[in-house]
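Both complexes below contain chain A, partnered by chain B and then by chain C.
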Partner chain A sequence: MTAVLDRPAPAPDTNTPRRAPLRIGPVLWALPPLIIVLVAAVYPLIRVCLESIKLRDGGLGLDTWTSVLGSQAFRSALWRTVAIAVTSTIGCLILGTFLAIVLAFVPFPGSTLVGRVIDTILSLPSFLITLAFTFLYGTAGAVNALISSITGAQTPLLNFLYTPAGVIAAEITFFTPFVIRPLLAAFSLLPRAQLDAAASLGASPLRILRSVIMPEAWPALMAGGSLVLLLTLNEFGIVLFTGAKGVMTLPVLIYTRGIVTFDLPGAAVIAAVQVVLSLALYITYRAIFARVTAGKTQEG
Partner chain B sequence: MTDLKANTPATATLGASAQPTAGGTPAITFDNVGVAYGRGKKVTHALVDFSLQVAPGETVALLGPSGSGKSTALNALAGFVRPTSGTVLLAGRDVTDLPPAKRGIGVVLQSYALFPHMRVEENVAFGLKSHRVPRGEIGPRVTEALDMVGMSSFGKRLPRELSGGQQQRVAIARALAIRPGVLLLDEPLAALDAQLRQSMLAELQLLKEALPDTAMMYVTHDQAEALALADRIVVMNNARLMDVDTAENLWKRPPTSFTAAFLGGANLIPCTVSSVIGNSALVGLAGQNLSADAPQTAGVEWEAGSAALLCIRPHALQIGAVTESGAIPATVNASVWRGATTRVVLSVDGLPDRLIDVDTPGHTSLQVGSQVGLRFPEPAGVLVRIPQ
Partner chain C sequence: MLLWSKRSRAIVLAVFTLVVLIVFIAPLATVVLAGFAGSWNGPLPSGLGFGRFGEALSGDNLASLSVSLQTAFIAGGLALILGTWAAIASREAPDWLRRITDAVFHLPIAVPSVAIGLGLLIAFNNRPLLLGGTRWIVILAHFVLVLAFAFSAVSAAMDRLNPAFRQAAESLGASPARVLTRVTLPLLLPALGAAAGLAVALSMGELGATVMVYPATWKTLPVTIFGLTDRGQAFQAAASTTVLLLVTLLALVLLGRIRGRAALR
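Our next item is the complex of A and B:
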């Protein structure tokens, strides 16, 4: 009996995780933004998807999907959208990288002003660039007037503005700053000592750029490029202003079907495809980015 | 190492200008080099009339406080900044206007500056590839350079997988792989903790012995590093070269009060020279006559009645009982134990408003305000000019 009385009471199991008390505060704080996202973003997307499967007789089905996806206009617009977006992105990457390198590593008078101008372009609406393009490169624009005054030609020699090339040129002009900004930020983080060390080891400026600078700026370049690809894929203003006559992209096709011909289910199908395209691109970008950064972390 | 010292110029009587080397072309020559930033009224002089020669195989430490111009001198030599005046020569060749890539100098920087995306062996091979060394030679030379710093087993690691000391070793290997005639080290140990700094210092001494033909310039603000590594020390202040000489000469006979204070934190006590005999003098201090070294260097002639500073190292002074014969009465102002020594700050009765630092071995417990006797060594110290 004594033994039983003397037996120490069982110690509390310290290994059992204690359940954290439910706090209502954080939940209340999370509710408003959650509701806003649901109402402003998720609900419209669901409505678009529902609209795309709505039949003329009021029922639900995939007839609209079949007819839209099978149409030549859709396939042509899809191909053109992807082609313009990819070409513009490549152009932005090349031009943006070049300009960022010049701004960061080639000191020249007025470089700060150029930086400010780039920031200004970021704040402008895209169609404004296109409007400027019309005044510059349009058939009655300044460049054609100059060419005519020199060559005496009666018809405008420069006539690319309303072709895919015009759209690409405008998109490159407008979206290049989206590549420049993250690159400049990445370059500013690069220690000066690394460049000095590379130079002292006999590396030429080109080799320093290729072997030291760009590998460090790769995530920024990828982030800028992905952003531009997303934006160009969904670009509407530039295409409408320059290429609407001859260039039909998915956003313009959605506009035409939805607003001009009132084919809302058809427009909803294309919009759904557009959403899937954008999400797929975003997920791919996040996956690649996570892999790159995770790789760096693991290496560390 | 013996050969290296044989090549080191005897500099006891050299002033703070260009130092001739003992025969042959100097590995490094600074000829009145100046570096300034800005223009007009906003100009900042980072280096003024800097002249120095370094012999092949010699190690020279540039020692000075922050902003003294030591790193600017090194950057001018490496080609990272362009001198606004003067000439920089490497082995007699004018490189003043050459870009860093064309100078063939090995540079080790405080921040290591390893390329983070490259593995250790790629970092070390970088310079070799830049110099278009044949592909077959690169591997063995990378191994050789990594062996030299004891990092051969870390070739596949990335810099971020290494400790600070290991990264610094790789940076040294990378600089050595191109077999430079001149190696520049810009505060290479500054980013390391005290323990690691000591072990790296020993390794740098070994490295110096392993490279008897390589001239080294070592920038530091740590006098212990300069004393341990350098054949000669260049003391800099306010963008100017103050003094240059062997470590021993600068320590024992500092030519200027700045060098005396910066190198070892000597006490500089105002005194009057009573008499001078050869290189010795008697000085009056706190009512006593003390003997002192009076080195007759260029432009300095001691004579009776002239005012001077008596330079005494804190560890050379002794504290005893106030009743001891020959002891000068003093009051303890502060006593700080530093591990191996105790720094005692005394106010000496005969020297109003003048505090004297004394280092006593071990842990000495002295009550603040207590009276002690201060004893000077024989000779008491060395005379230094009063700065004008």
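Our next item is the complex of A and C:
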């Protein structure tokens, strides 16, 4: 359940004639959708926070918080979630930069089709990747069968699927398009003459890459990277389909606490921690993204 | 244009092709192939056939597909209406209200869908807002999650819309309702189609919030697929996932084709 979030920061339309006497009209007109979302999205999150301070005897207190935050399961899940998210993000950035540079600057027949396929992945369910990986890289999967038919080895060589490495590989596959998109947008603004001028002055492709292309790409990389970090922190499907034996991340912990063992206050504490973490990151992303689009309009 | 020598171009393109094949094409192809496979013990699947698709399109699996489609179209349709309303209305609203609308509508994207699901489960489980255990809590969850994307897409289209059309109509004396139905909405139609396609696609694949709130009578296809893999029926899961992919792509393509006579600038 993921897709593109990037949209330009709202530009103030200066030449809209406003009917000054009817100032209350637009407010009333904009309120109903806002109220519906407040009830459907914000109120449940507030209830999560309230549930987390509910005690078993019906009173209020921070006992659930202290017991959950102190538990080994929570701490290792928090640490693992952050580690998996950071590693996946770095992987996505490296892979996405390479793919975007080739798509933008080494045109080949069919590059639009490849771009289209990569775009489509954005709207597909993420658990698809884990499912595919079990057939491809599972201990009884195609790649292991291929390897053992060549080497004759009996024990499967690849056995990373149920480790954090398997989750990281799946997340890199699924989230790389989120890095490619903003990068391609940034590259399309780069005047071709700049590349040609640098090349005609004798700069090597690597040097052009380093001193002409990459400086333009940093803001897009920052924006794409923080978005991917947010989405990997929140990722659920990939980890759930892994079987979640060796890898327990915060979202999966919320699910097992809330649904499997039906400990709602405990799940609410973890959810509250995760919501704060995600919101902090989201605000950072919005700030970076606003800066990127502001920079674009200034130059253009 | 970056690489001028033929050899370096060929090397870079070969690496690129290999990476795209391994990272993007192979997983998609594998799931589809596994759906057709009778078994897969060697490097290649064996016993290919349509048998599992018959299974995927009957009984419980078919019921789940129907549940998923109903959920996606109801939730997506409602989200599109409300998202469009909010996007158009916040345009005219004062700055502070526009900022609040923007922040609140994007909130469900920022927080994990499991947390949204948990919140809905807690918030709508007693009277007067008793939705827990009914299909409506699933539809509400999808609606909330998809709404952010619908709002985002329509707002972005509004940014690209030429205000001159609307201003011309207003200066000629058209009422606000007439401007909305005859100018703004027709101009937005392609964007609305694309947003509807995205909304349906995302709803079809939603798992995190659904798994928190679904009642046994309203199981969406991703939940059923998870059940299949959990019971070790990975091949059947692959067939059902292939069906899910096909339906999703079909919705994306069909709804993306909505154009209308007016087009965006």
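Here are a few things to note about the model shown:
As a working rule, the second predicted complex is superposed on the first by the 261 of 300 C-alpha atoms of A that agree within 3 Å, B and C clash if a C-alpha of one lies under 4 Å from a C-alpha of the other, contacts with A are read in each partner's own complex, and residues count from 1 in each chain.
One rule holds for everything that comes next: a residue touches a chain if its C-beta (ideal position, glycine included) is under 8 Å from a C-beta of that chain, and two chains touch if they have at least 3 such contacts.
Small disclaimer: the values here were computed from a predicted structure and weren't measured.
Measured by the number of chain A residues touched, the leading partner among chain B and chain C is C.
Contact with chain B, but none with chain C, is seen for A:201 once the two complexes are overlaid on the shared chain. By the touch criterion stated above, A:106 is placed in contact with chain C alone, chain B being left untouched. Using the contact criterion defined above for the overlaid structures, shared-chain residue A:191 touches chain B, although it does not reach chain C. Looking at the shared chain after the overlay, A:67 reaches neither chain B nor chain C. Of the two partner chains placed by the overlay, neither chain B nor chain C lies in contact with A:284. Shared-chain residue A:120: touches chain C; no touch with chain B. Residue contacts after overlaying the shared chain place A:211 against chain B, while chain C stays out of touching range. Comparing the two complexes, residues 196, 199 of chain A contact chain B in one case and chain C in the other. Interface residues of chain A facing chain C in the complex, by the touch rule stated above, are 1-5, 7-8, 10-11, 13, 15-18, 23, 26-27, 29-30, 32-34, 36-38, 40-45, 47-48, 51, 95, 98-99, 101-102, 105-108, 114, 117-118, 120-121, 123-129, 131-136, 140-143, 145-146, 149, 172-173, 176, 192, 195-196, 199, 205, 208-209, 213, 230, 233-234, 236-237, 240-241, 250-252, 254-255, 258-259, 264, 267-268, 271, 274-275, 278-279, 281-282.
The part of chain A that touches chain B in the complex is made up of residues 191, 193-194, 196-204, 207, 211-212, 215-216, 299-300. For chain C in complex with chain A, the residues that touch the partner chain are 1-4, 8-9, 12-13, 16, 19-20, 23-28, 30-31, 33-34, 40-45, 82-83, 85-86, 89-94, 97-98, 100-102, 104-116, 118-124, 140, 143-145, 147, 149, 152-153, 155-156, 159, 163, 167, 170, 198, 201-202, 204-209, 211-212, 222, 225-226, 229, 234, 237-238, 241, 244-245, 248-249, 252. For chain B in complex with chain A, the residues that touch the partner chain are 78-80, 99-107, 109-111, 113-117, 126-127, 130-131, 158, 160-161, 171, 174-175, 178.
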